[in-house]
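Note that chain A is present in both complexes that follow, paired respectively with chain B and with chain C.
Right, the complex of A and B next:
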């Protein structure tokens, strides 16, 4: 299962793997053309644009000037701030989502026969469009009519209403809650599938040895599903780095850039400030960061490759 | 885990945990639906009504007749349906051919293509917007269904290929072999042998392409400038940004309608979606 990238050799019969290069390229061509048109070409063109001073508002100054954008970056404290915000949102969202997803999956694992029905309900937040999640939690965390304040006040956790989205730290917390609600089902599904795959003999061995529930989890269960946990987390880190709609609808990066993440900042530089050159430049930096994570993901999928 | 299910204390604890999990998952959804059934004044009651005392379909009625500028809101629904529908067909078809090529053929650039498929799932959409916008202006694809379908397809295709390939890899190659010995061509194998066994994989891929297209905000927000060509996510921003920002009832009614198709798909087809997701994310 883990060595397909290495070529997928099936020894012996030549009918099983075809070496017809022409037919293979005909089969792949349409997909390659579309992905090339939508992803690869724009990315390459971004790299090219990043070398230009290219502001739609000052087209008279437009020209090839690789140092212009480097200068802007050095003088730009917002990009660094956006990187910090992205790290905070991602760290909390993934950390909390991971733990909640694991708890949910362990609970589901105990309910074998009703599992299917419950799973159908638990997956719901994950399919709901990001923009709907954003608006819903903007309403839930509204300072005046939001139900979050009402519930917290009723339960005695807070004395006065909190204007959640008007303050930096509470706005960040509200965004993290919305993200966690939206993403936890993905962890649950992945972990539930992995838990199902643990051989019964392994669980029984732990029981016979009289392991406590906690030690069974940390010493038997977790090591068995470690790979899935690591890969799922990495995938979610990448997705959170690219997450746009929820923050865009809830706060738009505000108040005072306190929740401005890097993708939001790149969007704003391009479509609010019309500085296409600089937007491309920080976009390229962002892609480089993501590609580092992507390479890590591929190596984890493919342990053989990592060693060579 | 049978041994623990019969302990009374454990059972009660488990029931409480399940209740908390369901409450956490369902309360926001309930809040969205119940708010959508409140009148404009009831939305502002303090304390809020946990159950709408006088439920009304007023918000939905307003949406049915509502407009953004001269564009009826129902037009956003039509646009989303058309574009997502065509994207499903195109993406599944292209993914079918590509994954067959990757699963059953061996060729020189196979490894770079596989790595490319994996990596392009992780490209930030935001970075592609500016170049794509310029490209769409030059090729006359701004404000066209064609343009949106191509953008959605290109964006969703890498994961679709990966997912479908992992399904295809589970179909035994001995079947291909037997068909070829009986005189089937390679494409005949795809049609007669692989395709009939691939139904769950095709369903999962189609669902995923649908979710991606239906939920996409950034492409239609920037690749269409004409309001009448917007899909639902950017349409919602136009309808509830600015002065209507505090029409919570209307906003929640629109949210329910936008979420309804994907939730319906999920309820009826979750078996396929779940198998596809786990197959596409952690296996290779």
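Right, the complex of A and C next:
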């Protein structure tokens, strides 16, 4: 425990609370209290609820039972399936988005000033809300009137229409396509900014030494922007772990739970089955997973501080 | 130093002022926002003041019904100047979630439109109140007793009032039946007749004609729509009862699953669609058989301006859904229901509004008649000639309503629907063997009891 000493020092820490810091603390206090209440209260209440058997449709069975939800989770094959689906969606979305984002960033980096406005156009999919993206791709992949089937049939790739969102494998593929379309601009934006930070002289030196274009990229450019690549990927992993609107709109987790991800499952448990206790419990587990990722993110962001 | 103290003092005074203002506003908001409780905040304290009744419903959210419900509400407010209706329009698929969240957060509407298969979920959660003492005796006597007693009755108390009978019926397109070489006035009455008609029609009708309106979504409305077929294939036996008897892993249900897989493979129906999503096909004469509610009439007409009532009634006929091969037709009784929430400060006003919606001349002539619903009150034919003259509504009253049975909804109806409709989706979207899917669903259903 830290003890503030009379002289304004904190034991075990060289940090010094001077008068300016005190004033700053006073000024910040109301905002910290409000933000803390708004974000921490629901979290704490979820943690509290997770200890209960609390189902709105079974109020007579409601009670404090911390082990009940653990037992449920261990026997819940649907949660395991949703976890697997989450990993598949995340892995493919992040993997494909990263590669495409890098390619676009490299192309943008080579463009002359005349084409600078392309950057603005390229980030457009990123600023469209997820729910709109979901509806857009739901109609694109509609089995009867969707553009996807129309184009594929017109070009002679398929004979019969494919019910994209009604078969497990194709539904998952459609969701990944929508996610990649929505998220690739973010990678592009981040990588393009990082590429701008590499001195031209470093690249030129590599070429003078006889490096090929590929060799220069892997040995010079990529190491220079490695931190940005890792941090961007981690941010997108967290984002995809929590991705709700696109999947909810396009498939609702169907067909037959084939695209059910964990956040969607929590929503279903809470608001379809009204099992608030169990939903809170899964939510707490989910927060723990995300916290782990967030800590990793912070460590990567500031490795020196993390070590100290 | 003194300057800094001055700044600090100023900040503290400012904080106090802000805090005081916030707390004042906060308490005001709280009284205004604790809706169930206090949606009548706008002056519930004195006589002659306007009381506000919050009404959550999907009628105001749907294009085909919005103008009609607005008209009824205006008429009610004109007749009751001391009551104002605050409309919360919520899509039908979201309304149960929305009102449950609102109510558990202490912010419930006063009255809500709810599908009858969801009433027990709200009742078990203790969110709605019994209506027996709130509604007038004459009004309750006017409701069709079979309908009133089939929805939301617990320990002899009625927790919901029907607004309109939304039991599903079987619609048949006479033009397409004729085109397929089938008798346009003799729709199938049994499952075998249905399969035979579909087989013939698939050969004769173009591929862009959908033959059967089958809702295969994972939701309660999907199960409710499929229930008559499940029971018919299962020789009249319900897939489960509220007493815990589960009859899902049977030869009959296996036949139903094979039928559904065949229907999707042969382009007889479209997989994964809500039953409402078939209506645009019906409006273009691209649907042969419908499994829908009576307002199919009004909605289909709203989707095609060229469809006059005369053309529609000439094209479409309605009767009870096909039954068992022994000729037993069983359709679960359904109603668009109205419930009043616990803790409402304006229960009496909400009840008055409820009666007005269901049984007043305006409610019947301006909402029930033009939207094509089957009324919930026996006096409707006298009050509204348009209802008595509607051939679809007449067919429903004569053919569909007598086949009504009670649907075993219960508080966990969403979970039953999730299990059964997921099994249906597994069958129609994969090539997996049907038997293991049934084994799994049977086990899951049994675990719920």
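Here is the rule we use: the second predicted complex is superposed on the first by the 278 of 308 C-alpha atoms of A that agree within 3 Å, B and C clash if a C-alpha of one lies under 4 Å from a C-alpha of the other, contacts with A are read in each partner's own complex, and residues count from 1 in each chain.
Just so it is clear, contacts are C-beta pairs under 8 Å (C-beta built on N, C-alpha and C of every residue); 3 or more make two chains touch, one makes a residue touch a chain.
Note that the structure is a prediction, hence the values are computed from the model and not measured.
Shared-chain residue A:272: touches chain C; no touch with chain B.
By the touch criterion defined above, A:168 lies against chain C but remains apart from chain B after alignment on the C-alpha atoms of chain A. In the superposed model, A:255 makes contact with chain C only, not with chain B. Legend: residue contacts after superposition of the two complexes on their common chain; A:132 is shown touching chain B, with no touch to chain C. With both structures placed on the common chain, the touch criterion links A:57 to chain C but leaves chain B unconnected. Counted by residues of chain A touched, the larger count belongs to B, out of chain B and chain C.
By the touch criterion stated above, A:143 is placed in contact with chain C alone, chain B being left untouched. Residue contacts after overlaying the shared chain place A:23 against chain B and chain C alike.
Chain A residues in contact with chain B (one complex) as well as with chain C (other complex) are 19, 23, 27, 30, 271.
Those residues of chain C that touch chain A in the complex are listed here as 4, 7-8, 11, 15, 18, 97, 100-101, 104, 121, 124-126, 217-218, 270-272, 411-412, 414-415, 418, 422-423, 425-426, 428-430. Note for the complex: chain A touches chain B at residues 1-2, 4-10, 13, 15-21, 23-25, 27-28, 30-32, 34-35, 37-43, 45-46, 49, 103-104, 107, 109-112, 116, 118-125, 127-132, 135-137, 139-140, 142, 145, 147, 150, 154, 181, 185-186, 189-190, 193-194, 203, 207, 227-228, 231-232, 235, 238, 241-242, 244-245, 248-249, 263, 266-267, 270-271, 276, 279-280, 283-284, 286-287, 290-291, 293-294, 297-298, 301-302. Across the complex, chain C is touched by residues 19, 23, 26-27, 30, 56-59, 143-144, 163, 165-168, 252, 254-258, 268, 271-274 of chain A.
If you check the complex, the residues on chain B that touch chain A are 1, 3-5, 14, 17-18, 21-22, 24-26, 28-29, 31-32, 35, 43-44, 46-48, 94-95, 97-98, 100-102, 104-108, 110-111, 113-116, 118-120, 122-132, 134-135, 150-151, 153-155, 157-158, 161, 169, 173-174, 176-177, 180-181, 186-187, 211, 214-215, 217-218, 222, 232-233, 236-237, 240, 248, 251-252, 255, 258-259, 262-263, 265-267, 270-271, 273-274, 277-278, 281-284.
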